[in-house]
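Across the two complexes that follow, chain A remains constant while its partner is chain B and subsequently chain C.
The block that comes next holds the complex of A and B.
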């Protein structure tokens, strides 16, 4: 009786996912479906830990490849040790609360999140190619092939359009926050600095738009290069979802050239250049004569439209989806094309032997927490 | 009956929602009917949401918002559609759950002059508040309920109802759940209810009148929780509560209890440095109290040397935290200077 009801719930969930985006029906994974009943997933002993695949916030946040012991399904587990966390806990809480309200094939969702001692574990789908930044590091030092960028950015834009429709500004869109999985699944992550603006009332000052004025919290420094001039400027006009479109433009440059523009200059100069309207461009034979790559005109135009200084004239995410640049993606499906375009990099599929470890190594770390001198009080 | 392409008047829209929410409940046994009702509910909710919250660049029109909010309260029996939407939250789809939360919150924020009609409406139909609280028990709707509950907690009149109810104490167990996202959502609701600046007097009154129940019966458990996050956050919140000048009499009572002092001294030597640090900020209040009751003084005196020694080695790496170092130095000085009460001076 019970299992029958469960099965029915799963069916409904599948239906929901199918309806939410028919084109990416192949994105459904068992984990996503099970997410409707994550309580049973909230057990650290259910997972076998593999290698460290990423870390952030001065190594206080670590992401491990892992797999479920029962189904052998690969997952990724983010481990945050609250004893050493370098950013306010509230940022992580906000991230979980916002992400819990999102459901889209192009946004990395949390399958479950639970605490164990001073750790918060967050389980997500495993994205076997890693982030776009990992791809650049691993092989494409000079930038990804243009077609791969088109596929990746198009999927990213789908996720972004969904966020914007919900009146959420991502605020830290960048290569390292775009994850690529097997079969060309592309998901947006890094929602820690997201800001929902649906509770804001449009004002006269902002000519009837909902705008944000505040600057993202500590820990945001590393995303400054991707931030839009209006966000950095912090003036009365504030910024809107269009700020993310600027970041998308910078991300496009990053993916095309192997690193974001402004990377080599002091932060203050970058700020001045952006505010003074210096628009970065894709580097290729058309802009830098010594360069031997050449990007299509459509790519140049798309990047130019994203990086316009006047935020209102930048296209909206839904409009960008129909940009000519993305026409190249129509010929072949992403699941077929992207893995080929990313060769020689292959997805990390199984947990590699030799890396196997268990939760114990974390427990050891926990016991290392410096104990206060054992004092016995006399009561 | 298709909704798109045909413009429905607002009362009709709300009635349509009511009918389909009812159908949703009745159709539980027929898959086909259920999914049809579900689709209709989702579509209607989305339309209502677009009308009252705006969509994309389109901003909502004040008149339509007022009319729709009014309809939502008037339709669907006691508690109106607000109750009905929350009641059926578990059976609508994912996006519809969010729409419900948005519609609900927008209604609550509506004002006519100084009046908040929806707040008044919920005051006379408070059962919806308890449904929202209970929502924390259901994984699927917990976060949506939390979102609505916090919006309610912004209003003094609604906070009063929640605080004076038996159901409020359920929050003490919700914040301890191991599912982190829900526990943390419950904690922010809990914190909002106990620290919201717009009704500090209400909170002080509540804490004072329910001191035993809140602190001795329930809060104590959080401070002894097995759950690290709960323990740490509860301790931090306790510090904030005690140091808020509105809660002066609660503080005086708290720092007169030897059991509380013992607990803080134990927490000072927890293995987690963060917990030690939060405990310090509660412990300091006991020591700084100029008129310490005898049992407190006795404990401090019995541990005088140990405490001085412990504190001088306590978190010495926080060299740049000036306030902390000043406070620590002050405590050490105070503890060094502690003397037995002269007999007879006890009642001071």
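The block that comes next holds the complex of A and C.
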């Protein structure tokens, strides 16, 4: 996809960003990871690669479970193959830059990122339960227990409130971007489509509010189901951080029903239904008579308030944190309650034997890649 | 599929319009003709034209390639510009529909379009309109250019207000972006040659997009001078050296002149040079006598003067403009504001015009079978457009990727 010269330029650009990130990370040095110099972590031979645990962007981005050879600490490593990247590089640049700036317990931060050959490797903490979507797939096909949802969404909201405080819109909040770790740590990932709005000026047509009009048109197809009507509408009114609250509502439906609403229809029909104000609901005995689950009234009200068509009437993330629905989480701490609620799923704690692999495995893989397009030289 | 092909021929447009409820309005006699397949030609001789013209055509969702087509945004000499929606990414786009028959009537029409497509495909900048897809329908003799959606041109905004000009802060906002865009074009060795308010569009977030590269020229990569000998731009925006008929002129400086006239125009609502006919106009331009109406900003006046210097060597370069006070000093927004013109009075926000079509696609029960046909159609277009993966010589595909089709023309 990229010629040699171009690739070299890209790598240099990425490395510039990474270096600047590293410096800013050193400045803060509050987090335990940052106590050790991240530059030392930027060595591919430090990690033992495990099984593939996820992939995105048409398999041009792969995530492997891995562990540090010296401390045996489990990590996850994301490998982005620049040669076959299916999304614009600017998205990755933005992600690296924005994530480098964010420090919050509910946001998945990068331990370190570095380039090797034509790959960008990003090391993150290993989240042993995987994403919420993984949880649904693995056992909870009909949806997670309501209490588990309350715990997960509350932590998600904390991350979201932090982003919104920084005037950043997440834009692709969804089940697969909420990761659950051991002891009930919940982290928000998928910051690729984040957009900061603090530098924008309020326009006349948005009645003095700061709004975004940008529509993520590349690689965003899979996130469209979670997108708010105002984001999809692409008109002069634009959208604000409230767009994420709508996505949170859809995510709540996804976690409760076992799958997102609108999933069974063409994208254009989904657009029509959202714009026409059709509001998805939690499926339980109150809404679907044949269903034998029953969700609490508070849960219904919370979802309804998130999915309001008029963005201004949706609650803010900080307000939602005090919603009655989350009162159930006050009885027990999340580290105690969530693993119990998620049984029989157990966290993946150690690298499973038989899947062990090394960086060499990857480099073999790289060698196996044949050139898809023959490059012709003409002088 | 047979029915579908029928409607493609212009002669049968009315035939399709008489399906369903329309049939009731025409006399029974006519109705019989439609059952009789051979009789469609007689139809035109026997029906009072008033009856057909005043019936609205039944609305039908139209899909070209993977785009759902919406309302008309504008019309030009070459054809129409319509709003459309990418059915996969759901992003809003605009499609420029060029009729090949009309193109042939315009001098250099076909070659200009070809050049525009080639240039746009390799330009990637915030301030240059993006071209996403090109389809050619040989059957309909049309070229479809799918581009970024914009709310309107600076000209259309100016036409909508009495003063015909922007408040200074707004003019500055657009001018800065124009210069950035032109700077990018020049850095890629491309001279636009037709910079004027109608060719400057605004996106939803008020980003200026330079469009219409039909008469633009790509300079030789290895030549050290920016010599140019031909210009087809609008007369009122042409530089004196072009108006004078100089054999060669500095192309970059000619663009600066047009930017100067544009700035003059959007800040004062007037043109610096005006005359009854093109000869007198060129005479005016060559003399280079103009007066700038009094503006609130001396910097702006100074900048216009620098850009409208008769001698192209004395004229500002893009670099000079970028270091000029008028370019550098940001102006705060005031309450005065010229909004993009609405389609109609109820729609200040420019809502999607494809929504009614979506409703036709999905909401009407009767349309169910039709939808299927349309979607099948999409498949056809898609197959045709994937030129690299498959051979595009597939029988029955009416649309081909641009490059395939034009190779034949050239």
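The criterion applied here is as follows: the second predicted complex is superposed on the first by the 332 of 379 C-alpha atoms of A that agree within 3 Å, B and C clash if a C-alpha of one lies under 4 Å from a C-alpha of the other, contacts with A are read in each partner's own complex, and residues count from 1 in each chain.
The rule is short, and it goes like this: a contact is a pair of C-beta atoms (placed from the backbone, for glycine too) under 8 Å apart; a residue touches a chain by one contact, two chains touch by 3 or more.
Note that the structure is a prediction, hence the values are computed from the model and not measured.
So, does A:329 touch the first partner chain B, the second partner chain C, both, or neither?
neither
So in the superposed three-chain picture, is A:268 touching just chain B, just chain C, both, or none of them (first/second/both/neither)?
In the superposition, A:268 touches chain C alone.
Classify the contacts of A:212 with the two partner chains as first (chain B alone), second (chain C alone), both, or neither.
In the superposed model, A:212 contacts chain C only, not chain B.
Answer with first, second, both or neither: which of chain B and chain C does A:97 touch in the superposed model?
first
Comparing chain C with chain B, which touches more residues belonging to chain A?
Larger number of chain A residues touched: B.
Look at A:189 in the shared chain and tell me whether it touches chain B only, chain C only, both, or neither; answer first, second, both or neither.
So A:189 meets neither chain B nor chain C here.
Figure out whether A:220 sits in contact with chain B (first) or chain C (second), or with both, or with neither.
second
Tell me which partner A:238 touches in the superposition: chain B (first), chain C (second), both or neither.
Second partner only.
Please give the residue numbers of chain B that touch chain A in the complex, ascending.
Residues of chain B touching chain A: 31, 35, 53, 56-57, 59, 93-95, 98, 102, 105, 109, 139-140, 143-144, 146-147, 178-181, 183-185, 188, 227-229, 232, 262, 265-266, 268-274, 276, 299, 302-303, 306, 310, 313.
Please name which positions on chain A make contact with chain B in the complex.
Of all residues in chain A, those touching chain B are 8, 12, 15-16, 20, 36-39, 42, 82-83, 93, 96-97, 100-101, 103, 110, 112-118, 120, 122, 165-166, 198-199, 202, 208-209, 369-375, 377-379.
Could you list, by residue number, the parts of chain C that touch chain A in their complex?
68, 85-92, 149, 151, 203-206, 333, 337, 339-340, 348-352, 355, 358-359, 361-363
Which positions of chain A touch chain C when the two form their complex?
So the residues of chain A touching chain C come out as 201, 203-205, 212-215, 217-218, 220-221, 224, 232-238, 266-269, 271-272, 275.
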